């Protein structure tokens, strides 16, 4: 009966590729590709599932409710020891400014809000460790973190775009750090099962992404439009103030950068990860472009 | 209507809080009203409401469907209670949200998993209240049932059920509140309608006016359901020694 | 001890579930035990437990401190009930997590805000149960109180309080479960100890064995508190018509 | 023989309700039980009805639990059921007309559809009585069925119950505080203390329609009264 | 005059408990009230105690609510309080010794620290009686205080109550179904129906220590019985 079912699946319409999205600027190319019909052009049926909670998204990915999702290097690394192998296939571009009530005073202890096991924690180190003594406070929920900064409980906090721009509306100052990080930590990850079973769709997905990125590189307004349309509840005011990243042509993190993140993650979780870039990434799709 | 005054009180509290805190995290009621009329009403407000209502009612129904027998058995049969109660006590404190992964594996991310999640969350408090209610049934009535040779079914129908009916309504009120306030848990994943979904969306964007608009609707939905429960109780529960 | 059998049942269910689902999202009990003994016990398990316990007990205490009078007044004075009940009905369904920002603004990010958050979450179900309990006090006893000219204080002490004491224990049981299962909400921000915090962290790392170890501790903590509540009830509540 | 207790004993956690109690009741007998307040009469009826197990001694019953109907000393009406439904408790709806007839004959025709809390104490007691009578059991246990009624109604119901029980061939055990009632209703009057049966009297004139006016009616009462006083 | 009702009326939602009821009670009087079951006696006591407002007519009371003590027809003991504490309900702990004395004199010395559910029906009634008596009110309202007691205890308590009430100068309103009791206890016997007072009798021999053996004792009972029959 199972065989029958899978046979009919093969014979029937192409299976949908479900990819989990977050309300972040990384999502712009994916949504632009959807609007522009690039997935259809590639002959893949892509469904973008927007999550409001990163944890839920990650869980949906682990339990194969979605085939792939926006994720990050730290998650890939920490989960490499768990029983969920997630494979990164494509770096995406995000922006993670700090928000503060004013310029940070050098030499003092800066209290900063972030999430413990996440890229934002790494970035905070990367941004501030050189010049400030940083005292981290872990507040996972972004709105709560924002209020902690606004009300002066914290000196600063890290916020992904477009959220940082919303914070700006509350008279906070956006602090950006050019050139940090060297490479993007954000990545699209797929489950092993999806990589096996939906190879064709994933390849098309990447091609569509490449096309979309080219569009966005040409006209950043397109990214703003895609985000405004895709993400519910985005205030109209931030359409123009939203800090967009440079959308790069599809790539994967370099080996050295990956090693750096692995050792940083080891420091945070106190666990040793016996993985290398080759275990974390699958470059097939990038290479095929 | 008596509920209007209560709403007035809440409104007043809200104004006072908004005034005192004077931060966007508590917007003023009027701006929330305006937002609701502007944004919610013309758009898909009814869809959000209906989806949430549907999930809650079904969740409540499923939970009570299992909780009432559990509570009755645990309350009536001490031997089984010795087994059931520790199980309830062990499972009740589990943070249900941490079982999201299990839910997703078992039930996917569709409506079913949302409804079951609500049902499971409220199953426990409902079982515990009903069990406690059954244990409080006056011994005289149970002795009467023995003396008059009531069959199991009759004991249930004529003694236990009417005796705990007020408790069932009480537990309905508790679980209704819980299910509304955890709606956002079940509607944070893979939903595109529902008040919890709206609240979450506005929340992650720190759009407090919109969030409060959705919360206000949730709260009014709650009040409406409560009015219905209170009214149903007046209908179903026997009149008691009065004045 | 009777609780052991219940634990056996849960363990059995757990094994069955783990076997049937056979996904890492439900690890087998023995691996969780081993993990607990290996990782938790030598490290800071007691700190996590104590922090959580402290927050829960204080939260419960504060909630009941306000809920008992609210419930009593609403249950006794119909005029005030007409005001209080709609307010409760309107505020109860609010998703408390959405008010996290308000908490930050008002109470900061320290322990106080966590405790108050728990207290507010359980204040509502506690008030509603107690109110319903007071409304169910047999009219005969209230009439007796009038006929024997009991002062307000005496009515409270001699009639209302003993009559609703079982209800208070019942609501304690409900709110205990709620407060344990929402612990992770309050411990997800600015915490570095607490079972909710551990659960969250393990979850983020998809370390389900560790997560289950923390959940198991939470569940055992819950059982322990329940045993205490049951025992306290047997001590406090008058013996009733027996056999 | 429908019921026989031998050296029966019933203990509560703190007290012994009765002990050394022996009694044999023949089929169709009407036994009145009298005794001081607290001597164990109610407890005795509970044991016979199967609600409490004996702590000592033996009991033989020629009927199952289904064959007993017990009217409790307190009315124990279910507050959530109308009067007529209280009477019909556990019975099929077919008996509704019969229940209504019972209630009407007890002067409760107008309150049949009221709830118990809307009735006076005496009315409630009559409802409880009707609830027991309508069952037509093998053995009927009445625990002070008429205590809250006025003398007239009492006499009337005494007559009615006696006739009904005799017509239906029911065996009656009646606990009462009224010696007059005990003598009128009982073909045998058993006086109990918590140490067993202290005195027994056979009422030879039990079937006499003019019993109430017979001299023996009063002399039997007097005898009982004297014996009761002696047990003080 | 301590109490006066004029054309008093009390309505329940579905029934009228009583109407056209007029009664004046002098200070220190002992009034027995008799009447058929359901005629409104309990309701009357409730109005006098201030538990229910009249629906019509007027009532004058020369005492505040504090001056009344009502013994309910059902015992209404609080199940969570020990017997002694039930008696002391609302009173200061200083009265403990007095309460114990009361209980002992009623034969309840051994169960003073038990809970109500451990007592027999008659024992409970005595506790409720003790609870009312210990209050020494201006006016004492007893609703069938001795209905569940055996004849001996009944007579003994009748004597005790009568003596106590007279010694303390308490005004007594006693509802009873026993005509014998009504005559023995009452300096005046009032017969009521739900349409008002139907008959009144002054008991001239009320203070006579040998009342129980006087012929008039029986003839008064007979008169009342006849009148009661007439109200059928």
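Chains: A, B, C, D and E, in written order; residue numbering restarts at 1 for each.
The rule is short, and it goes like this: a residue touches a chain if its C-beta (ideal position, glycine included) is under 8 Å from a C-beta of that chain, and two chains touch if they have at least 3 such contacts.
These are the chains along with the protein names UniProt gives them: B, C = ABC transporter permease; D, E = ABC transporter ATP-binding protein.
Note that this is a predicted model, so its numbers are computed, not measured.
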Distance-maximising chain from chain D - centres being C-alpha averages: A
Chain-chain pair with the highest tally of contacting C-beta pairs: B-C
Computed distance of Cα centres, chain E from chain D, in Å: 26
Chain A and chain E: spacing of chain centres that average the CA atoms, whole Å: 84
Centroid spacing, where centroids are CA-atom means, of chain C (ABC transporter permease) and chain D in whole angstrom: 50
For chain B (ABC transporter permease), residues contacting two or more additional chains: 23, 25, 101, 104-105, 139-140, 203, 206, 240-243
Multi-chain contact sites of chain D, meaning residues that touch two or more partners: 74, 117
In chain A, residues with contacts to at least two other chains: 59, 62-63, 143, 146-147, 150-151
Touch list for chain A against partner chain C (ABC transporter permease), complex: 55, 58-59, 62-63, 75, 78-79, 81-84, 115-118, 137-141, 143-148, 150-151, 153-154, 269
Residue ranges of chain D in contact with chain B (ABC transporter permease) within the complex: 49-51, 65-66, 68-70, 72, 74, 76, 78-81, 89-90, 115, 117, 131, 135
Touching residues (chain side chain D, partner chain E) in the complex: 12, 14-15, 34-38, 41-43, 73-74, 107, 114, 118-123, 126, 143-144, 147-154, 177-179, 225, 228-229, 232
Residues of chain B (ABC transporter permease) touching chain D in the complex: 140-141, 143-144, 146-151, 154, 158-159, 162-163, 165, 237-242
Chain A contact footprint on chain B (ABC transporter permease) (complex, rising order): 23-25, 100-101, 104-105, 108-109, 188-190, 197-198, 200-207, 210
